Each structure stands twice: as structure tokens, then as C-alpha cells.
Amino acid sequence: MSQISGSPIKVGIVGGTGYTGVELLRLLSAHPNVALQAITSRQEDGVPVARMFPNLRGHVDLAFSAPDKAGLDQCDVVFFATPHGVAMQQARELLDKGVRIIDLAADFRLKDVQVFEQWYKVPHTCPDILAASAYGLPELNRAAIRQARVIGNPGCYPTTVLLGLAPLLEGGSALVDTATLIADCKSGVTGAGRKAEVHTLFSEASDSFKAYGVSGHRHHPEIVAQLDRMSSAPVGLTFVPHLVPMVRGMHSTLYARIRPEALDIDFQALFEARYADEPFVDMLPAGSTPETRSVRASNMVRIAVHRPGGGDQLVILVVQDNLVKGASGQAVQNMNLLCGLPETTGLEQVAILP
Amino acid sequence: MSQISGSPIKVGIVGGTGYTGVELLRLLSAHPNVALQAITSRQEDGVPVARMFPNLRGHVDLAFSAPDKAGLDQCDVVFFATPHGVAMQQARELLDKGVRIIDLAADFRLKDVQVFEQWYKVPHTCPDILAASAYGLPELNRAAIRQARVIGNPGCYPTTVLLGLAPLLEGGSALVDTATLIADCKSGVTGAGRKAEVHTLFSEASDSFKAYGVSGHRHHPEIVAQLDRMSSAPVGLTFVPHLVPMVRGMHSTLYARIRPEALDIDFQALFEARYADEPFVDMLPAGSTPETRSVRASNMVRIAVHRPGGGDQLVILVVQDNLVKGASGQAVQNMNLLCGLPETTGLEQVAILP
Amino acid sequence: MSQISGSPIKVGIVGGTGYTGVELLRLLSAHPNVALQAITSRQEDGVPVARMFPNLRGHVDLAFSAPDKAGLDQCDVVFFATPHGVAMQQARELLDKGVRIIDLAADFRLKDVQVFEQWYKVPHTCPDILAASAYGLPELNRAAIRQARVIGNPGCYPTTVLLGLAPLLEGGSALVDTATLIADCKSGVTGAGRKAEVHTLFSEASDSFKAYGVSGHRHHPEIVAQLDRMSSAPVGLTFVPHLVPMVRGMHSTLYARIRPEALDIDFQALFEARYADEPFVDMLPAGSTPETRSVRASNMVRIAVHRPGGGDQLVILVVQDNLVKGASGQAVQNMNLLCGLPETTGLEQVAILP
Amino acid sequence: MSQISGSPIKVGIVGGTGYTGVELLRLLSAHPNVALQAITSRQEDGVPVARMFPNLRGHVDLAFSAPDKAGLDQCDVVFFATPHGVAMQQARELLDKGVRIIDLAADFRLKDVQVFEQWYKVPHTCPDILAASAYGLPELNRAAIRQARVIGNPGCYPTTVLLGLAPLLEGGSALVDTATLIADCKSGVTGAGRKAEVHTLFSEASDSFKAYGVSGHRHHPEIVAQLDRMSSAPVGLTFVPHLVPMVRGMHSTLYARIRPEALDIDFQALFEARYADEPFVDMLPAGSTPETRSVRASNMVRIAVHRPGGGDQLVILVVQDNLVKGASGQAVQNMNLLCGLPETTGLEQVAILP
């Protein structure tokens, strides 16, 4: 999509009442090239957005509108900040009108329809669009994103795990044992969304810590599919997500065993070289241990590589804000690519610390 | 100070290792008219600022420098993000070089030297400069700030209490009983600073709530002095601060008894009119209860006015981010005024919610 | 009820799936004189209690049972840990079988049926039982509790406010202005119960602070009714509850203006004398500021009295654990009284700090 | 030590001002067989313990006393709740008087003096006593503890990792690959103690998550030494500790690869059998994910075993309260063993949930 003319990008958001919705609004309302056109919510039709999210008072004047009245087909780009299953229902109609689609849910993340249906328990209604869509992780897939009309924005966990492992697997390099990868991941509670549920009540989740989804999590096949794409050897991944009593933030601790023939590699240098030109991946100096708050409310990922005792076990630490680089910020980054804007436009906020 | 030329404002920060320091850096690094010149810290001389505050990586390249090597006298504006007692030692020398000073500590908050010395236990070393300084609460004192060479940036508690009570006392109006005012205030833990102390450890302050300083707090005389300035009747204020287990945020619950002759006043309308043109004071609709997170990391104050049961007791709720409008954001707002810039320059960030 | 025989008290709990339910189970499972007979939940019928509340594994072997199969009429005491409106439906039948009732909801808190119906929006179905019930605040009403067959366990806010103000109003003493009392109260999030609701999600309530219910809260008439009972002068109370990002704990900051004729009173001594023999009220030394964590998981209330600047404004600080002294612990205390046991039986746990 | 006489155990605590100290006091003040004799603190000499820890008001009447005046040599058991290096200085003199010693620090955890000195940077002053001491993890070492005169109470991390891996390694069984064990551990902030330090301030540690000590942590050699004792094959362990924004609690996620010849083992049954008779180890049903709050303030460890996808990767989840089973509760458990009391005496509290 050309931005030569300089006229603002007309943007619509489907499903603006969740956390990825309000975060899109925060970012887009300050984006210099965006004109917010519509935010849909069947249930909140007519309610000013800023009444639900008072941080937006003075920044977003729109009211929620019912989907059919929202004029989404007049937009240049429509974001779906909805549960899975919604974007694929509306994609064809919007595409026919020339609208580009960025889905923050899972409809366009898994190329294999069978895997999608197994994990999400709904039939995929537009496999052809899925086949033509791009997986929206710019650091791994930038060229395809630029050309795509539909983007499947990655899951929050996959973003950290893929960025943390890519330098080790890309290009079929045989640096680590790909069959025994481990991702021990920890997420703030916003990762569970804004739905009223007992287990994410403050009184349940505060001052406590637990694992969940050990026997199977939907982000597992997504991660494995992308690792498989870059690896020449078969990939085996153990993935254990945990819930941290914090609002935002994700910390992934990744374990990979160095193959004998790669024991002489300088992994710090390898990672630094890989991400030298990436505006949103910050390789930390050797020995660092990144805090999630160092990226709070920013689109940055910070990575540190460790090799305890100089042995054959690599430990990679990755932090991101799950609502920004793990969701809405990455979606805006994808929009920038899609629209020919500098990739960092509207995404250069300093993280909030403390 | 004229900004006609458009050349950037050269800014120095004395004492950049605390929370008001890093928050100044966050705001100033994104300010379109500022060139950061120096950040001093005797102890961290030579250490890159971003090593201490990793959120600043990629945004602030400066290293801390020893005060004498910092070239502060070449700056247009110097902020003091130091403990009290530092700014008054260095003020005269800087003023002589034409530097403007904004002190985030208490040296220029209390016009009465005796009161200052009673509460801060140090002699005031430049009463003449104090006399010429301006109290930096723009909503109450904008004209003086514009002309000042030294600004005493208000305390965090005073900012909320004064903005919450001003419409009731200003201009000698006799709307409430000024002798029985109550301010029940609650602050996040960053209000206590970044000093290593047992009582602000996570393990001490988390999952708990307490009052402190009930028998006397340094912000009490500051509030009373400003209320006295605007009130025609003598002011009596009971002020009880409390510590909330949250990082940022301040919530003041103010109680004022309506005088019999003012019982017909529409206080909602009164407040709305008073703050209609203020960019950083947001009067909420009647019946609202503002959350501190609605202003997190923004320079906004939100106020709600209640009159429970329609009786003679007013309850005013005021929230701010103690590090922004309660400290560093307000300091930047003062800098903008001082330098003839639009007051909101660099301060229009959307609050981070959730 | 006689405990002469020494046989254990047979106890049933109606509605054991909420926080007051699990807290009753924690306390009663360790009570030396109690035999837990039944815990009802229509929805969880057959589910082991310890599956829902894993802290009870090894301590409570019961499963939830449907109310009609629970054999409640075989119990000596039945606790209602239900929403309001349930206890009054079942009270008469149980009383007819000789069962004593302790209701942790509001059905037997407000003697005035009209006031009850105005605030709780349901008709009261057994005004005669209400009239004969006792308000279960032992420190104010011990004699009546001992004789009662039905006890209305106080609300959490009323417990703190009444204990904090009683020494000033009891016996018709005219020590403070009863018309201008203020209770600025702060509660942990468990006060809102275990119901799935958006506003008490971790992601909504954490790292934030707000007031709520300023225009009217159900505990207001309850407090006023009890204050009226002890005061000779008319009572006016402004009550503002707030939500604190902590799991358990309540802190009430109470403001009362000393009447001119009482300015010479030693209020510290007055409070100490009043509560000298109370096992669950701990008067702190002058100048103290109690933390809520100092009573976490214990049945203790701690109180401090302040008179800032020696003026005519009293500030009383009261802390409790809202789930213990504010609910389930107080209910057990009432059971002990009802059953002729030492009042502290099963309630002498040390608070958990840190 | 015989408890035949039934006279109470005279107990002293050296260094009672930290978190393990106050937790010992909470547990011991309610222990039916203990008479607290002395709590030492050079700095707080004469200060009532309950002034520092108000939860103990009404439960502990002692004041801190200087070590030389404390009469420790009159005690039956002395606990050292001190930094490492203190117990070994005082051990011989106390042992000579017949006092038993339980050290909650590291002086008697590592049998290999060289390893101790490498990690703790001080010479060990009593290798002979060290050689005769017992490692105080009752589930692994009960017989030795019963006979010991000096007990090295385990570190918090080792307790969880050892209990989680023991069933796989004990008796030289070759169930998993012992060379590639991984322990991804998460601790609440009390694990860092009550010392005033910047990185454990509320404002630093709240609402954030990070790893630390990746390149080396003192608990690593302690864990490896104990694993080596039970394993017939060489042990290799990668250990990554993380800091969780919660007060108490520890969650260890352990990864072990099943050896080909053990793929048919029922690991759930193996663990259940191993811990069937352990009062403080609760094996959860298959598929469980334990929360740290389920053991808050109790001496219980809860363990769940997972085998994601039925593959060859075992994932073991272990939770404990780091201050109880991870420190002071385990110390009391050891005292019970040492003194011939039932092991659970004084340790049967129900965990605090929520």
C-alpha cells in the first residue's frame, strides 16, 4: 500500500473492548499517520470509548459502533482485536473492498488448517486466504509482510520464543539440539484478557505463582510450526507457561543444548550480529538479566544469552510487554510495513520504569 | 526566555539517579525542543545512564558526570532532582550565568524561611532567591512561573490537595469551612524515592496498607501556605498520608464542609468552569470515581466532586501520577512555561491502562 | 447452648464456595471443639472441598453437598456464608429444629426492616426473627450474643468503624461532634468476594487505587444504626470506601472533632481502658500507625489514636483482616460465645508477617 | 535428645531480626513443647521483639538481648537465623555445653569445605563439626537428623529441587538422564531477606519479573552435592533462579529427560509411593498445577508430575512457602526430630488462601 500521497491511513478496529483493543487505541491515537475511523462493539454500541477506558479521555473521541454501521469497508486497514474465529468470517468481504487485515487472534497464525482446527475447535472458513496470509513477525518475515493483504499477528509467547531461538536455528544451522528445546515462559495477567473469570481475579492471582497449560497450550503448535520452517532438523519443544502476579510483561527462559560441533561459537556475537539492524530487538551485554519492566509499555524486546559455567547448555532470556510487542505494538509495526511507513513510526515510546 | 530562534533548550539535570531523575529523562528524551546536556551523579561518574535505567537504552546516550565537570552553567535550564538542600547551594552561581532553575525538592516551596527551617532542619542559604522564586503549580500560578528564574516545583501531595480545593477557596470565596479541611491521601511507593530502606522493601510494603506521618509531614505546611494565599479565612487542615502497595499513583480524598450560605452552589459546575481551559486537569462527570491507573505515566490530574446524600459534606477525589504531574511532568510543564513553549509540549502521552 | 458435655459442636456451612466459606473452613477445621458436618453448594454437589481450595487438602475431607441432602437440621450451629436473602429463607425451619444461626450476610444486621429493604432491594421475610436476633459484634454486644439464637455477623467496614468510634460515643458521652464523623476506609480486594467480575480482575485492580460507592454503600446504614444506638446525639457520618491492591486487609481512617468540653480528655487512656479486657482489640502505643499485614490471617483488630498538633481533630486508625475479624473469625468468635466456650478458642493464630 | 520428661524444650534464636527469625517466632510461640528463652540482636538489645514485628504482640513478650547476655548455653536448642559465618563461630562452645544447633544459614550445608569456601568466600572454622553435622532435609535424611547435634538447614531452592528430583535419582536408579537436569526456579521476594537494598524495593521489584544469578548461585553446589549423593551417574544441573513479585512462595519447574529404558514407568505412581508417608509432601493428582498460595504460611510442599504429550520429557512442578518449608518450618521440623517429638508438632497450620 502506497503512502506517497501522505493522506492518513484510515483505520478500523473490530472488537475494541479488550486489552489489545485499548492498547491499539493508545498507540494509534498518537500515530502521526493514522486516522481512527471506527471501533466496533455490538454490546457497547454508542458508548464513548473513553468512558470504558478513561486513560483515553481527551485522546480518543470515538464511540463504539455496531459492526454493521461501522463502515469498515471504507478503511485502509482493519485490526481484529477479537476472539479467534471472527476475522476469518469477515475477511473475504473486506478484502474484496481492498481493505488490508491484521488479525490479533489466531485465525491466520497456523498455516496448517488441520492443526488450527485441532487446537481451536472450529472449522477454518477461508483456507485460501490463510494460505496467502503472512505470519506477522517482522524480524523473521518482513518481506512477506510488506506484500501481504492479510497478516496473522503472532501470539505473545511465540514472539518471545521465536526471537530467542531464531539465531540458533535459522538457515538450517546445526548449532543446537533442536529435538530437546525447552521454553519456560512467564506472563503477566493481562495475557489472559479482560474477560471476567475467577482464576484471574486479583484475589486469586495476586501474591501467588503457578504453571498452567502444561499438557498443551495453543501457542505450542504455533511456535513449533515457525521453528520447523527455519530448522533443517526436526524440532521438539517442551513449552511450560506460567502466570506471574504482574499486569504486563512476559519473560521467556529458553534452554537449548549446544551441539558438539558448535561448542566454539561465540553466541553473544552471533545474536548481536543477527539483531544489529532490528529497531525493536535489543541485545543486552553479556551477563545481563533483563527485567520485564524495562520494556513496559514499549515495543522493545530485550534478549540476553547465557552459557552457565561455559558448558553446553545455552540459556536465553527474552522479555517483552505482552500487550505491545506481544500484541498491539507488533500489529502497528506490521501496519507500518504494510503501508510503506518507516517501521518504527508511532512506536518509539520510552518504556515506563519504575 | 525566548524560544523564537527555535534552537533547542539546553538542559542539565543534577542528581539523575532517583525516580524523578529517570522520569525527567523519559520525558525530556522525547521532548521535541530539548537537548539533554548533562546528568550529574558524583557516585556514578562515567556510568552510562542507560546502564542504571535500561528503559532508556536507545533513547539516552549520556553518561552520568561529576557535577563540576558537567558544564551546567552552559545550560538554559537546570533541574535539581536532588534531596532538599542541594539546589539552594548552587542556585546563585547558576543564576549569575543566566541559567534558569527548577528545583524538584523543597528548597523553593516554602516562602517562609522559618517554616522551611523548622521542617527541613537546615538553614536556608539564599532567602533572597527564595523570595524571588515562583511556586511551580501552573494552574494556580502561571503568570509568575512565566517570569521566574527559579521555580520551586510542588510536592506530590500538595499538587493534588491544592488542585482539589482551589475552586472552593480561591478569590476569598466563602464556600466551605476553611478551618476543618481534611485531606486523606494515598500514595504509591515510588513517592518514597529510590533509597534503600527497610520499610519500602517489597516484602514490607506489598500486600499491606498503612498511614504514616500522622503527627506531622513536610507537605502539610506547604499545602497550608498555599491555601492561606487563596483563602480569606484562616485555614485549618488535617492531613493524613497513607502508603498504597502500588508503584505509581496518588489518590487524595478531600473533605470540606459547605458553609450554610453556599448550600445552593452547583459544585460540579463550579469545578468544570474553573478547569475548563486547563490541559492537565480533567473534571470527570458527576458520580465518577477516578482510578490512579487512568493517569499512569501521564501528566493528567483527574478530579471528581461528590456530595453524598446531598448534604453539606463535599468529597473531592483527585488522582495523579506522583512521578509525572506530582514531580517530573510538572517540572517539564514549568520548563515549557519558562521557555515560552506551548505548555503541553512533550507531555501529551496517553496514560498506560491497564 | 451448653458445652458442659464436651461433645463437639456439630457445624454446617451453607454456601461454602466463597472467601468467607473457605476462611470458615480454615478456622473451623483447626477448632478443637468443632465437628464439621456439612458444607453446601448446589452447583458443586459431590465435589471435594479441597479440590476447589487446595490449602484444605489434608485438613477438610468433606465434599460439597446439595442443601437438601446436607442434614443441616442435625447441626448445632449453621453458618450462612451466602449472599443476602438466603439465611432469612431458611432460618425458621432451622430454628424450629433447635439450630443456632450465624449469618455472615446482611439479613440480620439491620433491625429496621424498611432500611433493610431500601438498601438490599428484597422484602424481609422474617421480621420477627430479625427482631429477636443479635448484632454480632462481641465487643459491643456480648451479652445479647450469648443469649441469641440468630446472629447477624457485622459487615467488614462496620466492624472497624464501630470499634474505632465506640469509646467516643458510648454511654451517651459527648466527647466528639457526632454530626460530622468521617470514615475514610480502605479494603483489600477479597472484600468484593469470589465472583467473576471485570472490575476485580488482577489486571484491573492491581497497581491502582480508587474510591467507590461514594454516593451510597450498604454498610453506611448499618454503621449509623449502631452508632445511633450508643450515641445520645444525632449521628451524621460520611463514609467513603476505597479499593486497595492487596488480597486481605482493611484500614479505616476515622475523623472526629473533639467537643470543646472534652478537649482535656486523654483519649489514648480512654481507648486503652475501654479495650483493656478485649482479647481481640489491641490498642497500640501513642504515635503508632498500624499496618494491615500486622493482623493478616488473625482475628485481631489494632487501633491507634492520634491528635495531630494537639488540636481538636481526632484521627483514629483501625486495621483488621477483612476475612477474619471482618467476617469468618468474628463468626467463630460469635459461635464460641453462643456455645459457652472461651471466646478465643480456635482464634489465637499469630498473624502472618511478612 | 529425650523428651521423656515432658518438660518444655528451651530454645534460643540467634539473629532474630530477619524474616526467618520472625517466622521462627511465629511458629515457636505456638509450639506446645517449646519455651522461648532468648532472641539475640546486638543492635536491638533491649527492644521488645513485638515492637519490630507487631504481629507478635500478645504472643511473644521477649525483648532482643545482646548475644553475650542471652544465656544461649542454657538452651536445649539454638537456631541460627543469621548470615552465613556466624553459626560456625559459636558452634563449638554451645556444643560443649550440650546445646543442639540448627543453622538456617549455609555453614553446615556443604560437606566439602573447599566448595563452601569457594562459594561463600570465608574459611570454614570448624570442619570437624561440619563433618559430623546432618543435612536437614528430613524426607531424605531423617535418620541422620535424629542423631545429629548440628543440623544444616537446607536452602530454600534446594528443598524444592531435591524433593522434586529425589524419586527419579534415589538408589542409583537410572530413570532419567542425570547429566541434563534443569531447574527453572521462581522465588518470592522474602527470599532475599530483610536487608535494605535497592533491587528489592517495592518500586523496583513490583509489577516486574526477572532472572538473576544465571552465571552462578550458591544453592547450585548445594543441590548438586545432594543429587550426587543419591545418583549413581554423574549429575549435571542447569539452575536458573527468578524473582517473582510476591511476598512468599517458591515454584520450581524441573525438567528431566526420561532414559529410554524407563519410558514405561508410571511416574505419577512412583512419586505417590515415594511420598505416601511424608506428612509435609503432598503429591497432587495427575494433571495438577500447584499454586504457591496453596502452601502460604504452611510447612507443606505440593508436587505435580507432568509428561507433556507422553514424550520423554518429564516436567515436575514443586511449590513451597520459602519461609516455612524453605526455612523456618523445616528448622522446626528438624527440631522435632532432634527432640523425639512427633515430626508435625506445631506445624499443622492450614495454608492461608486467599
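Letters A, B, C and D mark the chains in the order given here, with residues in each chain numbered from 1 onward.
FYI, contacts are C-beta pairs under 8 Å (C-beta built on N, C-alpha and C of every residue); 3 or more make two chains touch, one makes a residue touch a chain.
The structure displayed is predicted, hence computed values, not measured ones.
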Next item on the list: In contact with chain C and with chain D at once: which chains are those? Just list them.
Entry: A, B
Notebook entry, point to check: Which chain lies the greatest distance away from chain D when centres are computed from Cα atoms alone?
Noted result: B
Notebook entry, point to check: Can you spot which of A-B, A-D or B-C is a repeat of the C-D interface, where more than half the contact pairs line up?
Noted result: A-B
Notebook entry, point to check: chain A to chain D: how many Å between their CA centres?
Noted result: 40
Margin query: Rounded to a whole Å, what is the gap between the Cα centroids of chain A and chain B?
Written below: 37
Item checked: Mean-CA-position distance for chain C and chain A (Å) -> 46
Item checked: Contacts with two or more other chains, residues of chain A listed in rising order -> 19, 188, 190, 194, 203-204, 206-207, 245-248, 290-291, 293, 296, 354
Next item on the list: Mind listing the chain B positions that touch chain D in their complex?
Entry: 19, 188-190, 192, 194-198, 200-207, 245-247
Checklist line | Residue ranges of chain B touching chain A (in the complex, touch as defined) | finding: 19, 22, 26, 29-30, 53-59, 190, 194, 206-207, 247-248, 282, 284, 290-291, 293-298, 300, 302, 323, 348-354
Check: Taking the complex as given, what residues does chain C use to touch chain B?
Finding: 180, 182, 184, 186, 188, 203-204, 206-212, 214-216, 236, 238-240, 242, 244-249, 251, 253, 255, 257, 287, 289-293, 296, 306, 308-309, 311, 313, 315, 317, 319, 354
